[in-house]
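This report refers to the structure that appears directly beneath it.
Each chain carries a letter (A, B, C and D) given by its place in the written order, and its residues are counted from 1.
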Amino acid sequence: MSLPAAVADLREQVCALHTELVRYGLVAWTAGNISGRVPGEDLFVIKPSGISYDDLTPASIVVCDLDGTLVDGELAPSSDTAAHAYVYRSRPDIGGVVHTHSPYATAWAARDEPIPCVLTAMADEFGGDIPVGPFALIGDDSIGQGIVATLAESRSPAVLMRNHGVFTVGKDAKAAVKAAVMCEDVARTVHIARSGGPLVPIDPGHIDSLYHRYQTVYGQR
Amino acid sequence: MSLPAAVADLREQVCALHTELVRYGLVAWTAGNISGRVPGEDLFVIKPSGISYDDLTPASIVVCDLDGTLVDGELAPSSDTAAHAYVYRSRPDIGGVVHTHSPYATAWAARDEPIPCVLTAMADEFGGDIPVGPFALIGDDSIGQGIVATLAESRSPAVLMRNHGVFTVGKDAKAAVKAAVMCEDVARTVHIARSGGPLVPIDPGHIDSLYHRYQTVYGQR
Amino acid sequence: MSLPAAVADLREQVCALHTELVRYGLVAWTAGNISGRVPGEDLFVIKPSGISYDDLTPASIVVCDLDGTLVDGELAPSSDTAAHAYVYRSRPDIGGVVHTHSPYATAWAARDEPIPCVLTAMADEFGGDIPVGPFALIGDDSIGQGIVATLAESRSPAVLMRNHGVFTVGKDAKAAVKAAVMCEDVARTVHIARSGGPLVPIDPGHIDSLYHRYQTVYGQR
Amino acid sequence: MSLPAAVADLREQVCALHTELVRYGLVAWTAGNISGRVPGEDLFVIKPSGISYDDLTPASIVVCDLDGTLVDGELAPSSDTAAHAYVYRSRPDIGGVVHTHSPYATAWAARDEPIPCVLTAMADEFGGDIPVGPFALIGDDSIGQGIVATLAESRSPAVLMRNHGVFTVGKDAKAAVKAAVMCEDVARTVHIARSGGPLVPIDPGHIDSLYHRYQTVYGQR
């Protein structure tokens, strides 16, 4: 099979984005992975399974089809490939998926408790609480189904999978990485805040205002 | 418009100071920003909106007037520019402003709770408790008004904005960065301290002594 | 005595693995140590006592026999050598041992409390709770006996020694280092989780499924 | 005055040791300082006041006599110089002093609560609880007196000064830095441990055994 020209660039981008997971302390050892959809194709690129972040190279990033079958690459794909594939099959608007066990976010998941939206930065990025999806075993579509069903009921690009960790999505891999970084950041701040006393809620109307403004005004146009 | 000669140096300083926000873990992704007043002019320089700390260069730092209007630069100014501008308009003695969502300080803000002055280092730098300002939406002068009103009732160069984060001020951008670093440091230590049991207060007269000594004796003259 | 050819490579590997203890914040100053069995020999290599991680070189790593007696090297072996030696004597299947006082794991040890298996990543790597071994004084086989007896009743490659710290084992030194890294990671996440409210357990059958899958499917084959 | 030949080496050592305070996160901005006694002389070297750790050079380290008066150097000495001088005057056996506001240790100090000895690593280095000294204002011998009086009743080379921070001592500056690093390490682990439930004490006889063994056997002879 000859690969679309966009694959080479995407492998480089997705490889480089993994350094952000390390930089922000979202991953330990080889856990965690990033994928990115090949624009206009039924393909995505993803981290190989069990490879150290130090050893990742663009060439080591593998290419899979939307069933999660390896299409190009020397290494076995991430053990979470089926979950990524399910998300891409179900949500054509999604171009990037990230999975981590980042500690503070995973702590909320171990209690099956959503992260309440008490920070303007949460309203900006997540538009409300960060929800928890169901417990699901690895190995089939269960995790993917849990992610997609939970995302469908929320504006949040992050979902905490119960007793497991975090999945985030975005229009591309970089946006999903941003959501993973911000998810851990707010998971930590809200945990610390609540451990010191009662949280002050933000008015739902203010959450809506903040979300809409951030999604349309923040950054460079 | 021809720019004052001081702008080039200030762009370099303010650009470089952003690395301190990263070094001390005060910011995640592109959140947080520093500005510095152009001495003797109705102008200040500030971080552009949504730009990664890795990508900041002196040339990318933008120049605004005291209404927050872009005067020089290729990029859109920080989305917090209106708040910085309000502070500079209201307080001619202030030459630098910093904004972060640093986690421990923001945790106090999420509870609408001032940080009690139980450390000599807090007495030194903040002269008492670090106060909390009101909840305010981004987009007009509300945040700036909240900062200025709260600072007016305190010796603290830091104010926690409710459900939001930290704003600090100083005679120049470096002093405001120092206040942001020390604010997170004491927010963390006092949080940890109180989570283990009751805090021991410092006598208000001792807080005054420490503050006056530090403001006049510490450092090089 | 002429050393087996494998010793030179092993010294290099074990020296390099110590940088992972530093990178993941598992050690302070000179505390902590890694050893690796020389394949097919009654020998292992181990960190010298009280040497800074910056100063470790392959040549500084010492060689001991399975009684813990120095066989090759200029420096005195780790003060924990007797514990490592006991493990190698008792468990021919073990090729690597790591000891740290990593903070979150040691905190559980200071309460004599196992870490409950409430994360899929714990089920994967540890197959259940991480157990606590007895209090034991340094200086004879007591620590080694405590480690071996505790490991015998668990699938976990990590044991928390009461009031002391963590020992982990693996088929080689790298596997034991991975267990040490993951042990601290889950010790921290579960601590944070429980400090926010009740933990949600994982069904024991699901723990078994996760463990068996991870031990056979994860990574490259 | 002509300086003893040992001063040049000592300036270099003490300058370099400050990087350990940064590496272990014991200091923020310019807080914290290290001094070292000039062997056989009534002199010590110490960090200048308010200088950034990035800007410290051996030449910037100042020399003081045992009254704390500047003897050599371009910069004003640390604002904590009087406390260091008092310790050197009172305790000829002490060759190094370190002061930090490291967060977990300072948190215990903000509660006026000693750190209980529940870790073998604490028994090794501190020989028991880490004690708290009195509240004292900066500016005269009060802090020094508090340090010396508190150390006199303990085997610990670290004392927590109430509402302030940590002072550690040692036979030389490096030993005092080690004590400062280990003090924060155990302050953190014991804080985390106790925040999860009751601590298990170590038998006082075992603390004695561990302390005596560590002080005589650990490291290279």
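Keep this in mind: a residue touches a chain if its C-beta (ideal position, glycine included) is under 8 Å from a C-beta of that chain, and two chains touch if they have at least 3 such contacts.
Here is each chain with its UniProt name: A, B, C, D = L-ribulose-5-phosphate 4-epimerase.
If you're wondering where the values come from, they're calculated on a predicted model, not measured in any experiment.
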item: Chain copies touching (chain A, chain B) - same or different residues, decided at half shared; value: different
item: Centroid comparison with chain A (C-alpha atoms), farthest chain; value: D
item: Euclidean distance of C-alpha centroids - chain B vs chain C, Å; value: 44
item: Separation of mean Cα positions, chain D and chain B [Å, integer]; value: 31
item: Shared-contact residues (touching 2 or more other chains) in chain A; value: 195
item: Every chain pair in contact, whichever chains are involved; value: A-B, A-C, B-D, C-D
item: Residues of chain D that touch chain C when the two form their complex; value: 24, 118-121, 178, 181-182, 185, 188-190, 192-193, 195-200, 202, 206, 209-210, 213, 217-221
item: Complex contacts: residues of chain C adjacent to chain D; value: 28-31, 48-51, 75-76, 79, 101, 103-104, 106-108, 110-113, 135, 137-139, 162-165, 191, 194-195
